[in-house]
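Consider the two complexes below, in which chain A is the common component and chain B and chain C are the respective partners.
Showing the complex of A and B:
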């Protein structure tokens, strides 16, 4: 049975990775190069066996070998091939193997890329840390979470995927999140290697930057795709529910964001070294914590993986990894001492520091909110979950402060800024904000939260766009270039800074969507018979017909609506409510008409046998900008990550960024 | 069948781990020892291993000081017993 070979490969991966970690550390301590070479081979073998095990699992899924329990639970005869492949990471065992595969491949890139002379002292520890993480994941797969476990007999058909997971979002959301989690292993390994090898932190922090940025990018995409999946698939018109599993992906993102900014200041000014190292270690720990929350079932969640002992493996690993690495950092803290103290609280580095504190504060709020049910269970014997109101009240103001800082920070100067300089640079954005608020008041957008939200967005957007303008104008004057060339050149020459500013613009677009759909969401519910026409929220809805269909894996009930706008635009929307045989549950498929101004979101809430249907219509202003903002964030991050600009110019003053 | 495949996989792994150790040990042996780690039985100039009774290095001609005939340890000249191995020295001078 080929599944046994898969299990054997996992076992060998565990042993090879464990051996490699030991060989690297001993080889470096005792100065035995042949031991380090042996460790490298161990590392290569571990990667080989992980890849082998992954290919075997994929083969078992595609060949629908239902004797393997994992295949039986996640695949069925009627499941389309794309979802059969995505079943690799749809379940617990498979997703852990997928994570291990990602850590292994990232480690392989480190093995072949960090080979220059300056990397030599770091290399053994770097690979050892990665190998330890690999060995841990492989141990979990060998013991409590074996993807190759067999059933006693071979069923004719599998259970299949949870219908909620049959969505394009499911193909991409979990893997991107896992890639983010897995890639954060490498920055963590760099910090540990830096501490253990005693190398000055500025030297290796520069190497970490692009790894952290890539990990952060995938985490961001994963979170945005998760929100999109919730919006499109779950059928309640929202995108974020402050569910523990969602929160647990947001926490490392917030701390990872702080780490990126702290590292930026370190590379520019040689301060915040300890702070950067601590944040990098914590980000990795919080990625493990996310897995703990998801897999342990300690906190009840809509994502509801089964409650298993697996979580405790992660808890022990988390405690050991965090206590060990933070302890080492404390013992070697002198190597991380800063060259300077902060000169002025009105300076760009102070702005970064305040932003970092706010990000970590926001992460702490979400963290406490997430573990609150577990704490109440501990002290009062029963889980008490916090509602969205708690998060909106506490996270909202911190978020607003961070957004405002987006506007102030780029115009602050390094070292120190005088109040007069600051005022001169902020006067235009301030006037712009006043104008926008005046326009909003006149046109009837008078909700205080909306005024604050849109006003601060305008202020920050004005400030950031002026930054672009200032840079371009300087080039136009000095080099005599036309405005477009000047803008492209100024961005191209300092990709880290302008990439960062573009990410901030993307966040602003997301804020537009959050505020617009949060404050001005309208909801209507009505019963219609086929053939009826109704005017709702500026749309004319005609209920054309009702379709019932028996499909192999579900009973489909679809209603076909013709929706038109006063300006003549027409769209056919088909909200459905289907009964899925495998889970014996009703699952809604919503229909959405997205326009820049607003989304028109239709849910088929109920259906009687004569075809009369209960519809829920949601009007969600500016929702589309959330997804566009996500795209802008991705583009900005790629711009900041792209290596060519750095290779061309290596001047030390070239490392400014946001 | 799966047992055989697994054993082959394990064998490959062990070979890959052991190969650098075996090769590394072999490669380390022929390297000439640098001056800092010369033992008493070697010429101080060229590192040639000397016979206990050689007064001059047969390779480079460097004079060799008195040494213990038993263990090769270099001597100041007035020892009665070798401080390295305890051999009685009078008879040799």
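Showing the complex of A and C:
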């Protein structure tokens, strides 16, 4: 039976990874290179078994072997192939196997890339940590969460995927998040290896950076795709509901962001070493927490712990990993001592530190809000839930402070900055902000939150864009280049810095979308008969036709609308409401006309047999910028991540900064 | 991989390290502000999580208090006014029944026997005015099968 082979592969993966971890640690402690080499072989075997198990699960899904419970629950005869493949990570067992596969592949890259002399002392511990994480996940898959469990009989058809998950965003959203979670194992492994091997932190922190950035990039993409999926598929016009699963992806993202910035200061100035290590460890812990929350629903109630043993496995692993690594760090903190102390509040390092504390504060707010029901149940015997208002009032101001720092931090100098220097560099953005606010007031955008939001966006964007201008001008003068070449060169030569600034610009665009749609969202609802025309919010909506179709997996009810603008632009929008046979449930498909100024979002809220339909129209200003901002963030991160080619190597002293 | 990384400038001796008291103060101020924000934001945002029976047990004391109530949708009593988007239904558990009114489009997952969580207030007539309706499929879908509907 093929499923049994899959289970056997998981068991062997667990044993091989466990053996590898043991061999690495013993080999390094007792200075026995042959044991380390044997550990490496064990590691390769573990990866091989994990890949085998994954391929077998994929094969079972594609061949629709419904005797396997996981296949039965997530695949059906009518499910298209793309969704059959995505069923690999659609359920708990499969997604945990996917997680294990990703950690294994990342571990393999580490095995083959960290081979230079400087990496030698780290290498055994690095691989041992990765192997321990693999062994834990394999254990979970072998015991409480077996993807290869069988049903007593073989049903003729499977249950199929939840129709809400049948969306392009849902093919990519869970795996990107899981890639992010899994990749954060490697930075954690580096920190642990650094502590255990006693190597100076600066030497290996530089190696961690590209791994952390990559993990952070996937986490960011995953969060943005999740928001987009919620917006398009859940059909309530929102993109973020502060629910536990969403929150649990945001928390490691916030702490991981803090870790990236702290590491940047460490590599530049040799300070914040302990802080960077702590943040890296916490980010990993929070990724494990997120994996667990996503896949168990435990946060709804601590009682879920009693129902599923999965919770205990994760809780024990999390406590041991966090207490162990933070304890080790405390014991070896001398090796993480800083070279300097901070000199002045008006310095870039102080700005980074404040930003770091705010990010961690924001993460603490979200974490507390997420576990609040469980906490109150534990201590008061009664669950108390928090609504979105809590997050808006607490996360909002912290977020605003972080955004404002985007504008101040880049113009601060290292070591210290005089107030006069600071004022000189901020005067233009400040004037720009005043102008923008004046224009907003005149044109009727008078909500206080919008003024604060758009005003700070203008201030920060001005400050960042001037930073690009300053760099380019310096180069034009010194190298006599034309403005465009100078700009490209200056960005190309300090990709870390300018990549980071571009990410900040992306965040600003997202803020535009958040504020625009948050403050100025408008709702209209109306009943229309086929053939009727209606003017709503500056759009002319003509209800052309009502379509009913019987498809293999659903009954389709669609309304075809012709929507036009006063300027003559026309778009056909087709909101639907479909009945899916497998779940015996309605699934609405919204239709959206996205323009830079605003989204026009149509929900088919009700339908009668004569074709008369109830529509809900939402006007969401500036939403499009949220997704564009996400794209800009990705580009900026890639720029910061991109390795300098051989030919571009330069002396460490050469920088474009003051 | 490390060649493009700048090593930290080491020109200053590690010896001179004054205790940066003023920065510790700054850190505490930020922590205090965050804690203040959390505590002050709790007000008005908390809602007790109750079952239908627990809400019934509170009696008139429960009127006007913001709570979240979970129960199962009773398919026999669903009334949906398509024109005005008003949804009336009962949620039940083993010992109670709660009439609910919700303004907004009928959520896709809303059906007989769906597990529902309603957030809102009980009015003086004993009808629960839900501002938020959260549904969980009766089937064994996992976390992703929860969808939120929140009008206005």
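Worth a mention:
As a working rule, the second predicted complex is superposed on the first by the 637 of 658 C-alpha atoms of A that agree within 3 Å, B and C clash if a C-alpha of one lies under 4 Å from a C-alpha of the other, contacts with A are read in each partner's own complex, and residues count from 1 in each chain.
To be clear about the criterion, a contact is a pair of C-beta atoms (placed from the backbone, for glycine too) under 8 Å apart; a residue touches a chain by one contact, two chains touch by 3 or more.
This is a predicted model, so every value here is computed, not measured.
Contacts of A:606 after superposition on the shared chain: chain C is touched, whereas chain B is not.
Of the two partner chains, chain B is the only one touched by A:42; chain C is not. More residues of chain A are touched by C (comparison of chain B with chain C).
In the superposition on chain A, no chain A position is in contact with chain B in one complex as well as with chain C in the other.
Looking at the complex, you find that chain A touches chain C at residues 73, 90-92, 113, 118, 159, 162, 164-165, 170, 202, 206-207, 209-210, 234-236, 238, 241, 243, 245, 266-270, 294-297, 337-342, 345, 350, 353-354, 357-358, 361, 364-365, 368, 373, 377, 382-387, 389-391, 393-394, 397-398, 523, 525, 527, 583-588, 603, 605-608, 614, 616, 643-644, 648-649, 652, 655. Taken together, the chain C residues at the contact with chain A in this complex read 1-10, 12, 14, 17-20, 22-23, 26-27, 30-31, 33-34, 37-38, 40-42, 44-49, 68, 80, 82-83, 85, 105-106, 108-109, 111, 119, 132, 137, 139-152. Residues of chain B touching chain A in their complex: 2, 5-6, 9-10, 12-13, 16-21, 23-25, 27-28. Across the complex, chain B is touched by residues 1-2, 4-5, 8-9, 12, 15-16, 19, 23, 32-35, 37-38, 40-42, 44-45, 49 of chain A.
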